[in-house]
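Chain naming follows the written order as A, B, C and D, and within any one chain the residues start at number 1.
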Amino acid sequence: MELVGSIIMLGIIVLSIIVFSVLTVTTRKILRSATYLLFTLFATAGIYFQLDYEFLGAVQIAVYAGGIVVLFVFSILLTSRPGDNSAKLTSKKHVLGLIAAVGTLVVAGYALFSRCTALCTKLSPMKDYTMDNLGTDLLGSGAGQYLLPFEAISVLLLACIIGGIVVARKR
Amino acid sequence: MLFGLNILLYFVIIPVLMLLGLFLCQKDNMKQIRTVAVVGSTLLVALSVYLLVDYLALRAAGETAQMLYTDSWCWFENLNINLAVGVDGISVAMILLSAIIVFAGSFASWKINPLPKDFFLWLILLSTGVFGFFISIDLFTMFMFYEVALIPMYLLIGLWGTGRKEYSAMKLTLMLMGGSAFLMLGLIGIYFHSVPEGQQLTWNIVEIAEKGAIPHDWQLFLFPMTFVGFGVLGAMFPFHTWSPDGHASAPTAVSMLHAGVLMKLGGYGCFRVSMYLMPEAANELAWIFLILTGISVVYGAFSACVQTDLKYINAYSSVSHCGLVLFAILMLNTTAMTGAIMQMLSHGLMTALFFALIGMIYGRTHTRDIREMGGLMKIMPFLAVCYVIAGMASLGLPGLSGFVAEMTIFVGSFQHTDMFHRVFTIVACCSIVITAVYILRVVGKLLFGPVQDEHHLKLTDATWWERFSAITLIVCVAAIGCFPNFFSDLIKFTFDPEFFTVLGLIK
Amino acid sequence: MELTMLYYIIPSLIMFCCGVYGFITRKNMIAILISLELMLNAVDINFVVFNRFLFPGQMEGMFFTLFAIAIAAAETALAIAIIINLFRVAKNIDVEDVNEMKF
Amino acid sequence: MDITMPLMILAIPLGMFLLLGLFGNKMSHKLAGWLGTLGMGTALVLAYTTAYQYFFSGSELFINAAGERLQHAVFDYTWLEFTEKLIIKLGFLLDPISAMMLVVITTISFMVHLYSLGYMHGEKGFQRYYAFLSLFSFSMLGLVVATNIFQMYIFWELVGASSYLLIGFYYTKPSAVAASKKAFIVTRFADLGFLIGILILSFYSSTFDFVTMTSNPQSVFASTAGTMFMGGSVLTWGLVLIFMGGMGKSAMMPLHIWLPDAMEGPTPVSALIHAATMVVAGVFLVARMFPVYIVQESALEIVTVVGALTALYAAIVACTQIDIKRVLAFSTISQIAFMVVSLGVARPDFHEGLGYMASMFHLFTHAMFKALLFLGAGALIHAVHSNDYTAMGGLRKYMPITHISFLIGCLAIAGIPPFAGFFSKDEILTAAFNNSPLWGIWMTGVAGLTAFYMFRLYYRIFWWNNPDYGHHTPHDGPWTMSLPLIILATISCVAGFIPFGEFVTWNGHEYIIHLDWTVATTSIVVAVCAIALATVMYRKENAIPTRMKNAMKGLWTAAYNRFYFDELYIFITHKIIFNLVSRPIAWFDRHIIDGTMDSFATMTNYASEKIKGLQSGSVQQYVWVYLVGALLLAGAVIVFVI
């Protein structure tokens, strides 16, 4: 039963996303927070895989889970001593955060359930999309092709590298 | 035309040249600075006298246009802003007044300290604004010069003042700026309704008045805006409180210029912009402002009765006298309005004289509290006699300027056919008694009686430059007082109902 | 049971809310940055999901996410560089304590 | 008529003022004094010539075929033009009363100039004194020759100012400063009434000109008819307000309080200003406007009542004062009140307006004998160095000239024939009896009181006892002081025989004075009785006065304190004006008006202080606010739009 398999798969993914997201923001140990983030990111990659975007999932794992989280971990190690717990939250802040979060949830949820008719759209088969197409689209300059953003991102990354060095270098 | 240029432009060019000259002066070289100031201000006086003579000659030759020496240069085409100049008798009188007070003021600040160069720079910048204001007939340019005249005040008081100078400078500037905000709104409103639908909008006062196109409803809104805007500078109740603090803290020459000329900008603006351009609203709303200014007149005088600081007394007396200016303008008849302008001249000279003398006395005794002084007549007879003369001018002794101005106002106002106006005139008349009370109180305490403080016995009388400054002003005060008809005729021409349509509205 | 879009949107929404909560409540700058990543991630998911369910024939959502990930990476790198630099100067990376430049 | 002479009458004193005022301190005392006196002497000659020409030349400018004396403006320059009709002119109006006043003023002024040479000898500020005297003479002459009411107001103010300067001549003395201030402010207050009166009259008549106003007042003021204001017609109000100006200058009750204090000035000044000339300006003013007043008799009745009350009041107070100058001051008030009453009771239908003539006549004679008395008092003060008669006594032996002239003055004021006062006072009483027996009896009584207090003064000074004067035996002054006394005494003796009615009447018609012997006899009897009483009480030192004083203690104390008018004024000015009006206003200004303005600033500060918190730099806060804002917006969109 492929369907049952994907349902179970999705259930696991959804559950882990929810659980780990919550844990990410509630744990008081920063390193753990980073770790939970890693799991969340993996779960997200799972979603991508499940939706047949294998390349995107791969990028997600490589860049996010592989790159960013490692960066986080390093910086955490650099900036905090082991065993450091973040201070207890003041209740005011806690309440403010909750208001914002729950508010978002309510408003967005209400909008979704009351007004969005597309929620029940089912998964339809996707047209075959190979790495070949992807490469062409990324480097082509026609309609629906992304050479300009690609180049812009490249320059941005370069700028970031230089910026990162400049900002972080020791004087 | 003078040397191929419109004569009026020289009133801006000379101060600007003075500014340049001052820039070139060495920092603390009093000699150079004084030379520039004295030469420049003498030139200004000479030029304004020449303007007066030339103006009268033109009028005698049958020139009937309302404004003479008119000229216009566009400097911002998109909004049709021009440097439009032109004068009538009133402007000529005001220019003469300003020139004389700048002249006397330069002598009064002969020994200003510290930073003499910067002091004169700001002072001259201020007078540039004043002259520019009086020669302009373009609302925007006028407003620009108006602001140029106001801003230096902040620094002049804040840096060279005495007492709570920062507070006073701030208060004065903020209140006047607040007035400017109203004014700006009013002026822009006038601009957008200056002409009938479809024509090129204009800032030119004369054109706007000729077209008379400002709709009635808009007049009712714009008139109070501009009147209050200028009224703040004219120390109208209840917007007068910058005046006591400001004057008390300002250095001598600045007090002179401020009370003598700058407060006149308010009165001048009130009739040149508010009354002249919006006659219908002026006619309808005059009573509101009449009440306010009537209060100013009596209220200022009563307040002056119990003050102990010489400058406060004078500042409140200015509130009273300047209130009379606006009061008379609002009476809407030729005589009263002529009186208002005479009162502006008279008050300008007289108050400048007062502040000059107070400055000189303060420079010697280092106190302005009348309770701590006494018997100065014995110690510094020259200053004391001048003070008595100034006091007499203020309380309206015939032969000095105050009398003719006040009487013209009272007689003119009383010719109003409406009972309300006449009763208010009587109320305003009461100020002559109260004025006598506070003037004589000061004179009695300050100049007469036994000497209060033994240290004062060592003090000296006026130096030559101080005498010069005071005598200049006294001569002018006496000139107006003795030959009022000359000035009255000079002024009256403008208030011909043909030009000044508001006068035609009163039946 | 059908796998509709709803099941993808809900976790994304919750993830976003968690991000919001974390962003507002945490003091540690890195923790804030982590919360930011959560929010970004939630948005990425939405892009992909909408693309996949509503416009299966096109790839805009996917590409957008791709670029978003790249930019997120760049941004994080830069932010962490700043944080580390800040830590060097102030020995502290609590947002509330770093207010030298306030006002 | 040639304008040089009239012009010079005004120009010389003015020129002297400027000369002595500007360059006086470069001159010696003597030069300045003689220069001033000489100037005044020239003016005197010119004034006499002018008056002579007016009265006796018979030119048709001055008298018409019917023998009516005319008003003639010798010159009239436009000084300030308010409107086409309302013009202030400076001119020189010759008519009976102005010609008479020219004579009075220049005579007294010259006497005072001369007298002051001796009296003020060696005083500091001698030149200043002469400058002020010249200024005063100029102003007073300008006042009486005014062609229009505004010119009169101008010079009215100028005499007020010169009086201020002269009262405060000893400016280091606080009492003199206070007195000068009081004089100026009280008269200023009265002038306010005068000014408003002018405004009202000129509003309805559209003219300031005296000739226009007085030649046909019925039609000129026709427009006032029917206009009422607070129960009185507008014309009454205008006239009463104008009379208020006169009350101030002429020290009528209740505006008299400045005059006794004005005695702080040098004595010759009191003689000139506060006895002979300036103080009669009010009488002169009413006389000038008399044709208008008779249009509105209610105004004249007010004038009468004020005058009669003042006359009695001042006479009673004069009986109790011990400062000789104060006695004379109250006597002046009382005598001026006589003139005022006389004007008030004058009616055109009785003997060509006898009261008017009597008033002017009394003005003339009073000026002479009161100046004489003041100058005599000056000589006494000069000799004894005190103002109080308690320091004097038995002086008749030491100062014969002063004694005789003072006695003549007293007889004249008491109304004993053949001295000047008898004739003029008699006319006044006749006019008063004609108007109403009440005023006649009242004024006769006051005349008796006058005789009593004058002789009380006379006896206390020259008889009573012989105090020990120590080394400084009192003696007559130098000739500069004696000569004016002798001249004035002579005038006081003979002035009564001037046929005054031929020269001055209200309408210019000649009127032959004939004494009404019933009235005259009564008044002589009353005066003689009063003098006899004074002789009994004060000729020798005795205890009668003290007993009398104790018998009427309440009245005496009240009169001695001038019936507490000064206290009342101090109460009004200090307690009410200063403490209840000025101070609250000043407080209101500082705290309410200024407080409001300041509170704008404070509020702005406060608001920005608060808003500043929003710009906290805390990203979390920004995000929260942003998010909540966005949520609200989104919620609103969802609920209301979609």
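Please note the rule applied: a contact is a pair of C-beta atoms (placed from the backbone, for glycine too) under 8 Å apart; a residue touches a chain by one contact, two chains touch by 3 or more.
All values reported here derive from a predicted model rather than from experimental measurement.
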Measuring between mean CA coordinates, which chain is farthest from chain B? A
Looking at chain pairs C-D and A-C, which one is connected by more C-beta pairs in contact? A-C
Centrality ranking, top chain (CA atoms only): B
Whole-Å separation of chain centres (CA-atom averages), chain C against chain D: 97
Approximately how many whole Å separate the CA-defined centres of chain A and chain B? 72
Counting only Cα atoms for the centres, state how far chain A is from chain C in Å. 6
CA centroids of chain B and chain C: separation to the nearest Å works out as 66
Among the residues of chain D, pick out those that touch two or more other chains and give their numbers. 623-624, 627
Of all the residues in chain A, which ones touch at least 2 other chains? 96-97, 100, 104
Of all residues in chain B, which are in touch with two or more distinct other chains? none
Applying that definition of touch, give me each pair of chains that meets it. A-C, A-D, B-D, C-D
Flag every residue of chain C that touches chain A in the complex, lowest number first. 1-22, 24-28, 30-31, 33-35, 37-38, 41, 44-45, 48-49, 52-54, 56-60, 62-63, 65-67, 69-78, 80-85, 87-88, 93
Can you tell me which positions in chain B touch chain D when the two form their complex? 170-171, 174-175, 237-242, 245, 299, 302-303, 305-307, 334-335, 375, 377-378, 392, 395-399, 403-404, 407-408, 410-412, 414-415, 422, 425-426, 429-430, 432-433, 436-437, 440-441, 444, 447-450, 484-485, 488-489
Under the touch definition given earlier, write down the residues of chain D that touch chain C in their complex. 612, 615-620, 623-624, 627
Any idea which chain D residues touch chain B in the complex? 78-83, 86, 88, 150, 153-155, 157-158, 161, 164, 168, 171-172, 174, 177-178, 180-181, 184-185, 188-189, 191-192, 195-196, 199-200, 202-203, 577-578, 581-583, 585-586, 589, 593-594, 596-598, 601
Per the touch rule above, chain A residues touching chain D in the complex are 96-97, 99-100, 103-104, 107, 110-111, 114-115
